[in-house]
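Following are the structures in question.
Next come two complexes, and both contain subunit A; in the first it sits with subunit B, in the second with subunit C.
What follows is the complex of A and B.
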């Protein structure tokens, strides 16, 4: 876990921002990325914890970007019914978001440089902080495609209303949303500042529906990262899709030409699930039972029957009496591509704790965030298998759920949502 | 904002832990610190973000320790009525707490080294993480001194039930508590892990009453630190008592011999207030109004009428028409020692965000934590002045409150609460 290591030099800042602009320029020149198989060109670059991540490019940042340490996620209801006003807000958001990802204020000299007689255009709490690898990722929820904005015909078939899964106990106040913004950064104050300033720009047009702070990443999205641990104490995301798996990403995560409406080509579908973990009950389970439920050794993270964390999972190894070493109801078996007709997803979740539950326990768990090419063929069958059979279900409770269409990244001069509204 | 910079080398780890033990040894030899004026000997030592902070010493760590970047705070109700059982838990907590502050598991080989057939004695999510400057600070609330444990006569007169302040809207579910533990660290996962493992050890004896995650520090407690910003975008804690102010700390923060019951000598009284900030309303106030409310310039942090952040506040400077540059209802005027018969407190608060408020806004603010020698003479008059007159009150709402007696630090072999129970 490495974090901001001091102020970013202007030289380094502009060097990286310049590189980002160059990538965007190339993409725009190549016909806005639309005509080739997507996802083969954006290798991750390991970043200094305080550095900036390019905002523009073929795909939105914050998906295969090496997962930052902290997250603040927000879902908005759109409160205006005026399409032009919504589009104008998305343009303003884009400008502000791009600035903030370079460590600048939302608006030039916004915090203290304007008129004393006007409210500051930036709220100021990130004034002294570097970019901190901030990424801002926008998504559009199913409810946006109702009658208000004339978007019904553009709703992607893949952007389904997620089905009810067994044992779901979803709180509507933690679910859904017309729009979302995922802010990830190595300094949480930078992520919170970004969300807050977007909410401020959106005043009168959008209202915060729910938000979630994630204090620690539970996934690696690049082989340059070590595997973090979730609140069950296990390494999480060992077998996650990673930025380097470009062929798999094209097959399983990036929406390809012809998959659905053209405006989503190069994007991905994001599912969020707020998963309360009953850690107090978990902590009373014997080590062997915990390991059997997960299907991995707690210390090394190795699949049961193997030695090292990254050894391939072998679902067919049997122990004494012919009993499978990885149980029929083990998490890794049910979530394995082998059990799911080969489908894979990219996970990008965070540990959370939200105070107490009022009956003597911490309210803590995993804010699950995943990206896939089509939630009907990827997330839904995976989640159904887990909800129906996963031994872990005894220890978790899904309390929030949302689904968003996350378009491709922006070319030069483009704004968030342009492929949808433009 | 600097954070964990990689694994701590064993040599460095043991070097620092050794120094801590040496300090404790000296203190214990000098009659358990009780007979001299306290607070003059523990200068802060700037620590690497991942290093460990000595657990034992004349005062508890986590008070004048340079404020770490993140916090997890928990208040417990004691559910056992058996005094011996409570004391035994405090002994277990002490051992586990000391271990965790050195980056070790709560129990040796606790996460994966025990029997497979028993629940692991450490929950494991901090297995790969360094000490991260973790401090664990214990406090005892007024409600502990009821009839259950025979402590009524030992309740310090200073440990009052805090009075109702104007505009208080306290939620009982976010207030009070028999015991508290403040965990501060530069990696939030380390802080959450510590609280969770103490809660686990306390199962059946204590229950979580409330907990609060703080994502970013809003105070400096050492001149070695830069001043952070709160969610109003202002530098916070410029004029805070700092570890280097040893005379002031003795006068205003450390309980001195003769102040009350002997068991609190060398300790301090901690007040926590969960302060919801109406940031959306604040963000619509003009810069000049924001600065007038605070009494400082937003950019530099300089007091109005001065140039630099650390210039002394001059409450007597007047501008055009003889109007005071620092308004009569400005926050810095009302909180200034000059306005409060000279009293000062040490603040150690954190920014928080807890999702949304259900009506379109972020639920965000400041988790105020302060330490003082006597809350009757220090915190209460200060808070009364602010609650009655502070222009900032229009933008904040106190939603939680608690008060704890925080005893002195531990000598070698001592346990948390020994001066009270021993």
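What follows is the complex of A and C.
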């Protein structure tokens, strides 16, 4: 074991560096970035970025948890046809997931404590890294509810096959899935480590269908966080549902008793959309056009016609000639609750760049993740309005899509999927 | 056709002046400092409309309208002849709403509250002082540019109608091979002036919707519907009707475009919009997914972009000669690449291009798009 000491202590150094980067992020979130007080608030801030988020609770973590800086999302196809084997894997996943969210290896002493002649049970790249606020969130896709596992009767009516929206260019290899796990953390290595080890445990029972890395959060899910910017350069998620809006969360995001099958009560429906941005042509668009498309000022994030970011959007202000200041096809107008019979969703998306597309353009955009109480009444009408009318559609293309039922959180001793399989 | 069914560069151009003004004032201190500025409170009741001040300095005026009445109300600032300078609607009882309005010129204005959102409202005079008199002179070169572009558009539409008629006749006669030959040629006239068609929200989707842009329940009409009939499914019972509809719709386009007036920004943004079409739709081979005649459309988009720039050219030369030269060079590079792919009177099919050739096109279009994106600023400068 002494040979391991060298590399381990070097990893420790990297670990600290990683946490340092995350600290800057949280500093910004706490509103102290750029001020001189960063040094004094250093200690609590560092703890927050590196700390662990409780794995068990009434709701799964990773939904209203203040959005971490990084994400690794994975969708699986279930390859086994044996229900018991699938349930056994979910139990194994639960144990490993809970350990990893506290900063431990997937298996006790898994990285270097086993036989020299066996492959290590934990892949090791997160050794000595802090928990980094890792959350692991599981969801079940529509395709799981076919004949294989006798779940057809338990399929929630809200877990629809999403319709084709205008201009969708979906790649089947980036869409769908029987299961998903969303890993979010303040250190990308911690998120990737979690997904990698779950995928490994799953070999023979599940196979990775697609996965997506996100390098920067594009939403704030708590009033304690500042609003980040998406790759269009605009603040995104100003009007998002937030952890503090408990009444709105019950009305719009958490599945309530009687909404559908009981196993989903306290859960939420998750929609993911891989939205490629045509950033090269966007970058050639005049500032006025960009702002007209979004409906907000690029600098302050204020809705057009208002002064501050958090000023309410006023869709009824008109300028010279009676032309609405927020255009009829502006993104914020079409996505506003007022335009959608009052419905709201919680967005938790991430910026991504998957290298380039081979013809000299970045393959970059927004990995949209949203949670809602019923996608039929919330996400679908919103996305339809956007696909039909949003001026932004000129600059985006939806290339992946998936829908998952995310059950409530786990009580003591429960395993992932217990309300469904148990 | 772009993923968005309608209004792009032109729609944005229409709001340009307005939003530019907003952006400019976005950083200013709304409370102001000079006398006669700062937010102006408006106390709106069912039978009164009390404006805290009745005069202000020219610039950005901020009205904070509080509805202390029992009926939903509106607040307006009118210029001479009841020209709306700004308004805020739908202010429910008890609500406070903000109207920020750019008033650059001194003069007599009118405020009005409209309880019940009806009638002329409760009006009062409002005076704006100071402010620079705006230059009223029209730049003759810019006026000539827009006139010359209008002539170009009108000529293209005349050709579009006659070519579309020939294409429709071939479809209706069941002459599939003839129709296939005419298809890319006909589209050329449309693709050159597509930003004009996009000005009419309903028309562009009727003429040019791609299959992926459809939603279940939509009726698919236009060029691409016939493209699929000709190349994939064979002509269908309603193909003749679709062909007739196409002719009707391009004639409708002519009637509508006849009364259009263009601004220099329309031209600049249209030139950019056409290149965006190439960069996002043609490079990927999505536009003509059945016929693979994308390079004809590509050529036409570049032609249309070039025509709009050519009309503006005297102004570009006057104000930024180097930009004009750079644009010429970059257009020439794209032209050379297109020429290389010429086969007879047409072009190589898009699915026969190598990955390297596609990348060459993409790189050249990006290189051209950058200087083109600077034209709007040059022609809008005062």
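Here is the rule we use: the second predicted complex is superposed on the first by the 375 of 422 C-alpha atoms of A that agree within 3 Å, B and C clash if a C-alpha of one lies under 4 Å from a C-alpha of the other, contacts with A are read in each partner's own complex, and residues count from 1 in each chain.
The definition used in the following text is that contacts are C-beta pairs under 8 Å (C-beta built on N, C-alpha and C of every residue); 3 or more make two chains touch, one makes a residue touch a chain.
This one's a predicted model, so the numbers in the text were calculated from it and none came from an experiment.
Chemist: Counting only touches as set out at the top, which of subunit B and subunit C does A:415 meet: first, second, both, neither?
Modeler: In the superposition, A:415 contacts neither subunit B nor subunit C.
Chemist: Please indicate which partner A:285 is in contact with in the superposed arrangement: first for subunit B, second for subunit C, both, or neither.
Modeler: both
Chemist: Is A:226 touching anything from subunit B or subunit C once the two structures are fitted on A? First, second, both or neither.
Modeler: First partner only, subunit B.
Chemist: Please work out whether A:358 is in contact with subunit B alone, subunit C alone, both, or neither, and reply first, second, both or neither.
Modeler: both
Chemist: Give the label of whichever partner, subunit B or subunit C, reaches more residues of subunit A.
Modeler: Looking at subunit A, the partner in contact with more of its residues is B.
Chemist: Taking the superposition as given, does A:203 touch the first partner, subunit B, the second, subunit C, both, or neither?
Modeler: After superposing on A, A:203 lies in contact with subunit B but is clear of subunit C.
Chemist: Output check: A:299 vs subunit B and subunit C. Expected answer is one of first, second, both, neither. What do you get?
Modeler: both
Chemist: If you stack the two complexes on chain A, which partner ends up touching A:269: first (subunit B), second (subunit C), both, or neither?
Modeler: So A:269 meets neither subunit B nor subunit C here.
Chemist: Of the two partner chains, subunit B (first) and subunit C (second), which one does A:367 touch, if any: first, second, both, or neither?
Modeler: Neither partner.
Chemist: Which parts of subunit A are in contact with subunit B and also with subunit C?
Modeler: In subunit A, positions 280, 284-288, 291, 297-299, 358-361 sit in both the subunit B and subunit C interfaces.
Chemist: Considering only the defined contacts, which subunit C positions touch subunit A in the complex?
Modeler: Contact set of subunit C toward subunit A: 2-9, 11-16, 18-20, 22-23, 26-27, 30, 83-91, 97-102, 212-216, 269, 272, 275-276, 279-280, 283, 286, 355, 358-359, 361-363, 366, 369-370, 372-373, 376-377.
Chemist: Please give the residue numbers of subunit A that touch subunit C in the complex, ascending.
Modeler: Residues 163-169, 278, 280-281, 284-289, 291-293, 297-300, 302, 304-307, 311, 314, 316-323, 325, 327, 329, 358-361, 384, 387-394, 396-397 of subunit A touch subunit C in their complex.
Chemist: Report the residues of subunit B in contact with subunit A in the complex, numbered from low to high.
Modeler: Touching subunit A from subunit B are residues 1-6, 49, 69-70, 72, 74, 77, 79, 111-112, 114-120, 122-129, 173-174, 186-189, 192, 195-196, 199-200, 203, 207-213, 215-216, 226, 228-234, 279-280, 283-288, 290-291, 297-299, 351, 353-356, 358-362, 364.
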